[in-house]
Amino acid sequence: MFVDMPLDELRQYLPTRDEPADFDAFWTATLDEARAAATPATFRPYDSGLSTVEVHDVTFSGFAGQPIKAWFIAPRGATGPLPCVVEFIGYGGGRGLPHEWLHWSAAGYAHFVMDTRGQGSGGYLSGDTPDPDASGAPQTPGFMTRGVLDPAHYYYRRVFADGVRAVETAREHPLVDARRVVIGGGSQGGGITLAVAGLVDGLVAAMPDVPFLCQYRRATEITDEYPYQELRTYCKVHRDQVEQVFDTLRYFDGVNFAARATAPALFSVALMDAVCPPSTVYAAYNHYAADKDIKVWAYNGHEGGQAFQRQAQIRYLANLMSV
Amino acid sequence: MFVDMPLDELRQYLPTRDEPADFDAFWTATLDEARAAATPATFRPYDSGLSTVEVHDVTFSGFAGQPIKAWFIAPRGATGPLPCVVEFIGYGGGRGLPHEWLHWSAAGYAHFVMDTRGQGSGGYLSGDTPDPDASGAPQTPGFMTRGVLDPAHYYYRRVFADGVRAVETAREHPLVDARRVVIGGGSQGGGITLAVAGLVDGLVAAMPDVPFLCQYRRATEITDEYPYQELRTYCKVHRDQVEQVFDTLRYFDGVNFAARATAPALFSVALMDAVCPPSTVYAAYNHYAADKDIKVWAYNGHEGGQAFQRQAQIRYLANLMSV
Amino acid sequence: MFVDMPLDELRQYLPTRDEPADFDAFWTATLDEARAAATPATFRPYDSGLSTVEVHDVTFSGFAGQPIKAWFIAPRGATGPLPCVVEFIGYGGGRGLPHEWLHWSAAGYAHFVMDTRGQGSGGYLSGDTPDPDASGAPQTPGFMTRGVLDPAHYYYRRVFADGVRAVETAREHPLVDARRVVIGGGSQGGGITLAVAGLVDGLVAAMPDVPFLCQYRRATEITDEYPYQELRTYCKVHRDQVEQVFDTLRYFDGVNFAARATAPALFSVALMDAVCPPSTVYAAYNHYAADKDIKVWAYNGHEGGQAFQRQAQIRYLANLMSV
Amino acid sequence: MFVDMPLDELRQYLPTRDEPADFDAFWTATLDEARAAATPATFRPYDSGLSTVEVHDVTFSGFAGQPIKAWFIAPRGATGPLPCVVEFIGYGGGRGLPHEWLHWSAAGYAHFVMDTRGQGSGGYLSGDTPDPDASGAPQTPGFMTRGVLDPAHYYYRRVFADGVRAVETAREHPLVDARRVVIGGGSQGGGITLAVAGLVDGLVAAMPDVPFLCQYRRATEITDEYPYQELRTYCKVHRDQVEQVFDTLRYFDGVNFAARATAPALFSVALMDAVCPPSTVYAAYNHYAADKDIKVWAYNGHEGGQAFQRQAQIRYLANLMSV
Amino acid sequence: MFVDMPLDELRQYLPTRDEPADFDAFWTATLDEARAAATPATFRPYDSGLSTVEVHDVTFSGFAGQPIKAWFIAPRGATGPLPCVVEFIGYGGGRGLPHEWLHWSAAGYAHFVMDTRGQGSGGYLSGDTPDPDASGAPQTPGFMTRGVLDPAHYYYRRVFADGVRAVETAREHPLVDARRVVIGGGSQGGGITLAVAGLVDGLVAAMPDVPFLCQYRRATEITDEYPYQELRTYCKVHRDQVEQVFDTLRYFDGVNFAARATAPALFSVALMDAVCPPSTVYAAYNHYAADKDIKVWAYNGHEGGQAFQRQAQIRYLANLMSV
Amino acid sequence: MFVDMPLDELRQYLPTRDEPADFDAFWTATLDEARAAATPATFRPYDSGLSTVEVHDVTFSGFAGQPIKAWFIAPRGATGPLPCVVEFIGYGGGRGLPHEWLHWSAAGYAHFVMDTRGQGSGGYLSGDTPDPDASGAPQTPGFMTRGVLDPAHYYYRRVFADGVRAVETAREHPLVDARRVVIGGGSQGGGITLAVAGLVDGLVAAMPDVPFLCQYRRATEITDEYPYQELRTYCKVHRDQVEQVFDTLRYFDGVNFAARATAPALFSVALMDAVCPPSTVYAAYNHYAADKDIKVWAYNGHEGGQAFQRQAQIRYLANLMSV
């Protein structure tokens, strides 16, 4: 069944943005600090047993210079410069094994798959990147409330900074055409995509798929599904910290990043998706400040378009690149 | 938690096989009929948008000459002869889109992905192959009980014959080295793998992953999970047909096929898998008549080893091929 | 809780009908073909062990002349002509055993219980009628999507034609007063009742109970319950066939049949029924073109009025017949 | 899946009985008191709208002379003497409407359907008989723990006495052949059947179907299903009353009644029945002191044989009566 | 997620009250009868092993003079007169052990914890008070439908009368300052609080926490959660008694009692509470006839504010008492 | 139902302990480091609104000198020296509010309630203590796998060290009689109790209630319940780290601590507890090296004896203290 407003209303849904005054300053400072602490990335050849692609095990400097893992996968023997897709991963997953990331290299792209710090033990894709957590504030199990009382310590401050640094790292690779970098990902990966799209210029495209991390407060009010439910659980216990929680989250709302984006975007949304309810996706889409299109999957839940969406993305990029 | 016997007992578990006297005759007749009705396969180029692989949309003659769809995926520009993996799909799924099948071509193989007749509308991989059902006998929703009162009309008679014909079709492709054909698949795909391994000679390897379709009766007695539950539902209603159901299934038990296999095999089993309980897998493994090895995933459910298993398969085949 | 609109709105709910131009031609051709292929029905005495009723095991010609089973149950020793209730069965069930159908004969009627082709292995009432499926197109488990891409092959084309032929068969039985034939059934049986009411003239009454098979698209948008969920699953996978699915279903919508009905009708609806949501029932009721009444069961789910409804039906028919 | 011991072990399972010394005295006193307080039953004609059966709305004196409702249903026009089936009802149900009880009269029997005091508001069959509860001791919702701390006030003392009085009432009806009274029922009805079989002589047969109310303590140790779960909930809260609870239940265990039975019996048991686990049924069956047979439904849960069991019962009685 | 209207609408929600004409007469008669039948309460010292509080095991005369249990807990050595909190308990619970009721004595109050008749075997707090049920009318398991067809026999008539008598009993204790008696409780305890607040004058405060037993009919229409679900189950079976059920409940609706209250009140409500939906709580709050305040717990379900609410209550009373 | 071995076997169950050679050295070093880094605890008066107890908000030095919060609650006006109960909290909870911890002071004890680092946002008791996590290794949501690949970084190394330091802090308070310190807690609190009992001498008693954190590996093999399920999820993903996980956990197994305990102990176990299965509790109990007793709650799940256990503890301590 449809879990949110009718499609007509979704298309018109443009909620007022709620941004702290120092939103841009906060992010500028965060990224400046990360870049200042950065050391050169390492790309170590990795024997995956695959013969038509070359895989490198990457370590780059993310938030505060902390080491972040990634896979760099490219068609074997390619000489470049290649367009490159930087991919962010869904909630709970890590970079997994290279065998799980073969579509973009098969489509002729270099593919940079960023691990998500701390994640990758949630039941599917495994992860390898620590999330050193200096504050260690009490939290609801999961990652949504890690450090949520303070924007400086909130988990996604670190993750979004990692994401920006992933793009910068990919751009520096000799095989990559730095003017043709695409970002994308599904669910949490879509949320990171929106953040990076609002923080980085010169991207050729952004492809947020059924994006998470938009309109946090509304999400807790209209769905009981995880991971938004983690926020609700935190607020359920810490009844006296509710406003503080949502004050923090204003720095991390995909809607606010969307309003700063400059790259053309291909979104997707699923009308039966209670995990990332359609109105939270449309809030970001309708505020998105650059050229944009959206695939609507009427009969899908959070799985969205899956391979159909991937196919649409390949065509979308082919069109963009050929212009 | 572990859902079946302790591992020590599993390793010793060798139940008596229950085979109809005309088991081999039944299958010989079935395959003879299929071959007699066969027409040449067609391989139509398919524009997937992918650039390092070539995809063909295949139609070949399966059971009784009926048309079966498949994908044929190979590294672009390969001149062959290539080893080829013929892959069978899990329950409910169809061949999906080529973007979902990129690992074997990335590993340097030709890859032949057989659609499963009638399936492919179950919620994930889409399918394109009809299952004309001449008898149309009343059945429990799903495929496990389609025609189950009569071996001649049982659904898996058609599917297993399709599987044999898929191998024969792959072998005839000019790019394929007919002496280096591998079969494999997970769950239902593993069950089809066992059947084809018992019906086809000269395979270089068989790789049944957490195989389904073994020891049907025992399975209904020790688990409530689907799809074995479909058999239980049928027997629950048709209380007077229980023996007839299991008489039919003797022709289709992976254990009986395993005892006829000639190709080396790499199995997998998961000790927390209530869908395909470990003892039903070990029953087939312990009866398997050729060289064999098994990966045991102690902490996994029916997902088994996933990419870890894939990686093990790539290495296993590399070793086999290099001998 | 109430699962749909308030009762006031339900009573006014009259959605625009969506009918293909050749709706009537399609059904005329279907029924003409069935009648042309028909052979005389057989009524074989059946020893049920019951002494106050006589039971016959019926085989009659349904869609395309295919054999359909039924029970014919009448008070022992009756000489007729008797009024006759032709009954259609709920989703998943078959004609079961005669012991499960004793109320209408106890009320003095002949009772013709039509088996539903292919069904009757779903967990309760057993079935005995095959559904030979010439196309065998891929389908979601169940019956809702069998052949759903093409009106000519859609499952309910065959079932509705069987239903019309059941009425014609009952009318020909010497014990039956052909002018006093009633049709009825619950859930799927109610949906078949609506279809037959729109296709057959001269019925004394139609009694669709919490009818299924109305407003398919809306149903998938407002409920997640089975069996409508089967349509959703199909559309979830086959994202590119959604419009084609609902184009087919326009030929099978109870709302369109209701608008053609000529017999007086006694409906029922349950306000807590998420399986057949009240608005889909009222859509048919409000479009129903003949005399009509509806029992509203405010606190019931899909079980509806059960014996209370049966009692109401007995009284309703007694009144009708006595006029 | 099978929920209890293998069938071989079930057939041998003969646990030691645990009976209070005054078991027989307790019941003799209970029944003497009921009979002393009894007043003549009333049989009021009931207009059910059915024409081939005659229905009477019965009120008879049960435990302590309290009024109990029943239906008396017989073939219209029968002159008797007829054999009569006295039926007891499953947990939560009441006598419902006469339309729900048509099979025994259709088989030529008089049918006496006893309402269960206090029950009949559980979701299906409605009930009409109060259970005045003088002690009103705190209880877990349901009926299993009503008065459970004291045999004198335990709910089933009243119900079993009602059951005995139902047989005596039926025997007194002019249409009934008092030497040919059968008792039967499913689940709780089967448990009451066992109790009455142990308390009443001269019955022509007892037919306990998947009987409940046997081996209470063991049941709570091997299943979590309701209604046995009510006992567990009580003991969970009242940790200090556990032994007292099970001391009371010794007076009400079907196993103890079975050992006193004198009528031939047809049991049924279902091997996938977690509500009334097979070993608790076999404990009663194996202790049953008269001629006996049991239908084993291997693939059924608590629904057991349903119409198939009913058919078996009709044949069983026909054989018994014809001797 | 929010389970009811937005907070803005809740604050305005003032449904028309539905009161029987003899509402006040009914309750006056009930209380007069209880007082007439009352005998003096007993306070028996209880050795709880606790050293800073003194515990008494109380038996007082409730409805119709029937004996009701309670705990009376006070700071050891207090000489009084103390303010006293009379507490009513949530659905399914009883008075438990004194160790579970230590907060009010720790805050310097005498604490009178009334047992709830018949309850206290539901899984948590144990109970010790019988509910002799003279009518014993058929009921859905639980307490919501016990005697629901007749206001004179409805379960909550007895409970509310017990509640009034509990206040009167507490007031008579020498340690208690009769002018400073507070009533309170959560869920069912909140519903009893509302009833007593409408029936007793001179209370210093009432503190209904997430109160139950308000707007019964609306509750059954908007939620499926227990215990309101018990009413729905009853109405589902007894389709012909629906109006009679809700006629009875008009005498017991917290909304009607709220409109008669004279003591200042501190309510609480939780916006994610589907057990006692916010609009049913606001209906009582908005009709409450005296000074009032309400704590809104936006992110809580039926647990509401828990210790945070308790802290708020302590402060609220401290303020009230100091005036 | 019983979830583990029969009680007779549980009583005999004495599995071989699996201890690393440097178990004692590991813990000596850990505690030495904590003590070396410690600074004096602060006890800040806290206005809880309660009048018969005095509450202090405590901050003390735990693992590596990190600040840990606690409540110190004592009867108001007590002059000491008092016996003191140091309490550890169940999984997911924090120290909450003082109103939730009133029983031990009511029984005349000083009560020291240690917050659990990082926890207290799980849905019930709130927490206030950070868990700075220097390694930040990827983890499954929750706390069971935080740092699980390395004993030096494993979460419970920090928690157990906090627990030892809590005892040392309590002993230093002037109101406390350092020779009469008791430790206790339920579930995770029971697991911490076992650890501290094995690491600290001179305790007057240990009271592990349904203890968690025993026989980790066996637990994952016999139950699917959380929190042990977190370990399973980790191993499911990180199939290659299973042995490393369980190597780490040997340093943290309650069984190994039990074998080093010197204080008399009162355990509890619940036979229907699938969260902390009985055999894992008995493994610790049967290895416990000092005087011991165990309360067996046959009909309880993980809630165990609740107030009944508390009452037993009060009596147990009263006996011990009076000797």
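Going by the order they are written in, the chains are A, B, C, D, E and F; count residues from 1 in each one.
The definition used in the following text is that a residue touches a chain if its C-beta (ideal position, glycine included) is under 8 Å from a C-beta of that chain, and two chains touch if they have at least 3 such contacts.
Computed from a predicted structure; not experimentally measured.
Check every other chain and keep only those touching both chain A and chain D; list them.
Both-contact set = B, C, E, F.
Give me the chains shared as neighbours by chain B and chain E.
Touching chain B as well as chain E, we find A, C, D, F.
Over half of the interface residue numbers used by both chain A and chain C, so same, or under half, so different?
Different residues, largely: of all residue numbers at this interface, under half are found in both copies.
Report the inter-centroid distance (CA atoms only) between chain D and chain F in whole Å.
So the centre of chain D lies 50 Å away from the centre of chain F.
Taking the mean of the C-alpha atoms as each chain's centre, how many Å separate chain A from chain B?
37
Name the residues of chain C that each touch 2 or more other chains.
In chain C, the residues touching two or more other chains are 124, 236, 303, 308.
Name the touching chain pairs, would you?
Every pair of chains meeting the touch criterion: A-B, A-C, A-E, A-F, B-C, B-D, B-F, C-D, C-E, D-E, D-F, E-F.
Over in the complex, which chain A residues touch chain F? Could you list them?
92, 94, 117-143, 145, 233-234, 236-238
Enumerate the contact residues on chain F facing chain E in the complex.
48-53, 75, 96-97, 99-100, 102-103, 105-108, 124, 303, 306-308, 310-311, 314-315, 318
For the complex, which residues does chain F have touching chain B?
220-224, 232, 235-236, 239-240, 242
Enumerate the contact residues on chain C facing chain E in the complex.
1-2, 272, 297-301, 303, 305, 308
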